[in-house]
Every structure is written in C-alpha cells, then in structure tokens.
C-alpha cells in the first residue's frame, strides 16, 4: 500500500498506470479521482491539513480496507496547500482478484477520507474565501460500512 | 505542559495555529472551559461544540475523554477531505 | 461518450489520462479495469463477440447510464480475440460532478457489461480450453438497478 | 430467408458460425423445433433452453417472440463480458 500526502500536483493517468502495472495478480482495479471543479467563479482552493495525524489516519483507513476486503494493493494520494481549478485533489486506487471487493474498498476509502482524514478545504473565489462545510450526508455515508 | 493545535476556522478565530499551556484540566471539556474563560476569541471559537472535533495525540476523541498522559490536543471543525 | 470494441491491447493508464483530461467540469472520475489474472496455469483467453450487436448493446447500456446519473462523460473499452495473462480485458470510466453518481454509474456499467454485452470468454490452459460459465450472481447483480 | 448465427459452445456444437435458412416458423420456439429435427448436433445444442439466449436482429428476445420481419436470429449461451 502507498499513502502520499503532498502539496505537489500529480498526474492521475501516470499513477493509474504505475499502480496497475504493480498490482500483479489483480483481476480488478478501481480508481477514483477527485478534481477541483471550476464552479461559479472559483479561482482556487486551499487545503489545510494536520501534518502527522493525516498520514496516520489515512494509513489506518487503508489498513482497515485491506483487512475487510480481499485487496492486493491500495493507494491514496491527497494534496494539501493551494490548488488550481481542474487539478486533481486526490485519488484512491484498489486492486483485487474480484470486482466487487475493488469497488467496495474504493467507496469505503472515499467515505472515510471525506470525514475522518484531517483535511479542511477553503474555496477561493474572486470575491472572497469560504471554508467548505462538512455535509451530513458524508457523515451518514459512514454508517453503511 | 500540553500542546494545543487549532485548524481551519478554529485557528482563524483564535488567531494562532498552536500554543503551549500549563493546565490542570482532567478532561477535554475541562480544558475547553478553561480556554473559554481566557478571552472572547476563545469563547467565540468554543461557543458551539457540535461544530467542533477534538483529537488527542492525533487520534479522534470525545469531549469527555481524560487528558492524563496526553501531549497534544487538537481542535478543528468536521473534516472535509476527499 | 466513447465505446471501443477492439482486438488490440490498450493501456489503461493512457486511457485514464485522456479521459480525465477530456472531462472538463467533472469533480469525480471513477475507472474500472478488468485484467486477465494468471490463475492456475492459465496461458491465455479467447474472447468471442457478436460483431454489430456488441457495439449496439454497449452503446445502449452507456446511454442508459447517462440518462440515469449526472454524467459528463463515459467510456467503455472491451477487447475481443486472444489475450495474454496480465493484459487488460476491458475498462469503464465515468466522469460526474458528484462522486456518488460516478461510482454508481461505473458499477451499473460493469454489471450490465457482464451479462448483457455479447461476449463469451474461453480460458486457455496448458491442458485444454473451457468456456467460462455465466454466474448466477452476475445475473442477480442486475436486480439492484 | 433468415440468417441464423451461433456463438461460443453453440457454434462449436453445431459446427458452423452461421447459416441461411428458408423457414415458416412463426416464433423462435418453432424455429428451434425445426432445427432440432434436422440433425443430432442441433438436437444436442438446443437440448436445454435454459442454457441458451436468443437475439433477434441484434436485440435480446424471448423464445416465444415472433419471427415476422426478422432477418437475423442469433443463439448463444449466457454472456460473459466484463
């Protein structure tokens, strides 16, 4: 497994390529990429994170996914700092012998990263800045696991 | 001595990212009450605990958790990763 | 949307890169890649398909996904002919403003491709060949949609 | 005249991928009964209809579907794509 918390941009295509090539024996690879949408005059995003806890929390979430599903490998990349619209915010990838496990684990990782990894997003627009509010639906999403 | 960290709007409201305190607080809730009394900006930041989360030594915890042995307390709003 | 039914191998990483780059306005991209696992002495796979109906059936399934979920784009690539172990059999990709839609549509596409796209897989091993049997669970998977 | 296509083990059992027939069959089931009577290999291929699927002009259909206007009938086992 690999967990990367980084300020540098990354290329989802290159990451998928490397992850797929490295997942020998996998029959199914699922990837999710979250991208900063250029909505309503958004000029950027600033992602604050809790250095130290972030890596620990994500590693714990990935370890739980590997314990719950039959996974050959898993990858989480999450950016912090300043992002431009259209850039990838984060990605997860899962490799499994079976498609059901790869899908379930990827959705589990996403749901937990949303609400249990210490990141805070601030949207930056032409007229000001605003912290993104957590959604009740994101917290509710954890209940299905 | 305990390190206290603030993130996102909690950090902005209090005006600093971290500080070091001497405290005899037994639980997180005790510590919050002590902080509230210090200054208006603390009272404002800790006005609504349902809008806050706490981590003790980088693990999520409840407000009634004990502080014995804890070296780092962090306060922040609900996380918005992913 | 793009549907490609082809005998030539493809590079999942390059496809994800191109798909993600082309999905302007997407906040979420989900990809699934099915890979031929080198299980128990498998030396290859031969995929037969119904030329004409295959393209029509997949296009219909993708159109239904685009109607049911908020999708900006969708991609299906499926190989036919002879495959070597470790090669990608097929991939789907979905791009949406929302992660829930991207995941649901990708799983829907996979479930329907399994049981409603006219492909037939034959496993080729050192000691012989055998048609892959359809699984009841694959047929059951359609009922959730 | 109607084109009949066979795929996967149906093709292997019957021994050819497609053929052209003159038929007065009204439904798919009628056509299958006519084919069964032709030769043992057809009877074998069509022995268990639960193991077979049919498409009319490249759309999945039921065995009781009418053949009027249909130009291409395909018989095959359950699909194993993905």
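Chains: A, B, C and D, in written order; residue numbering restarts at 1 for each.
Just so it is clear, contacts are C-beta pairs under 8 Å (C-beta built on N, C-alpha and C of every residue); 3 or more make two chains touch, one makes a residue touch a chain.
Predicted model, so just to flag it, every value in this text is computed and none were measured.
K.L.:
Centroid from C-alpha atoms only, then distance chain A to chain D, rounded to Å. What do you get?
P.N.:
49
K.L.:
Find the geometric centre of each of chain B and chain D from their Cα atoms only, then give the gap between the two centres in Å, rounded to an integer.
P.N.:
72
K.L.:
Would you kindly tell me how far, in whole Å, the mean C-alpha position of chain C lies from that of chain A?
P.N.:
Those two chain centres are 23 Å apart.
K.L.:
Check each residue of chain D and list the ones that touch at least two other chains.
P.N.:
82
K.L.:
Give me the residue numbers in chain C that touch at least two other chains, ranges are fine.
P.N.:
Those would be 34, 99, 110.
K.L.:
Looking at which chains touch, is this a line, ring, star, complete or other?
P.N.:
line
K.L.:
Touching pairs of chains, all of them, please.
P.N.:
Those chain pairs satisfying the definition are A-B, A-C, C-D.
K.L.:
Note which residues of chain D are touching chain C in the complex, please.
P.N.:
Residues of chain D touching chain C: 5, 7-9, 11, 55, 58-60, 74, 76-82.
K.L.:
If we count contacts the way the header does, which residues on chain C are in touch with chain D in the complex?
P.N.:
34, 48, 50, 52-53, 56-57, 78, 89-90, 110, 113-122, 131-134, 139
K.L.:
Show which residues of chain C lie in contact with chain A when the two form their complex.
P.N.:
The contact residues of chain C facing chain A are 11-14, 16-18, 20-21, 24-38, 86, 88, 97, 99, 102-103, 106-107, 110.
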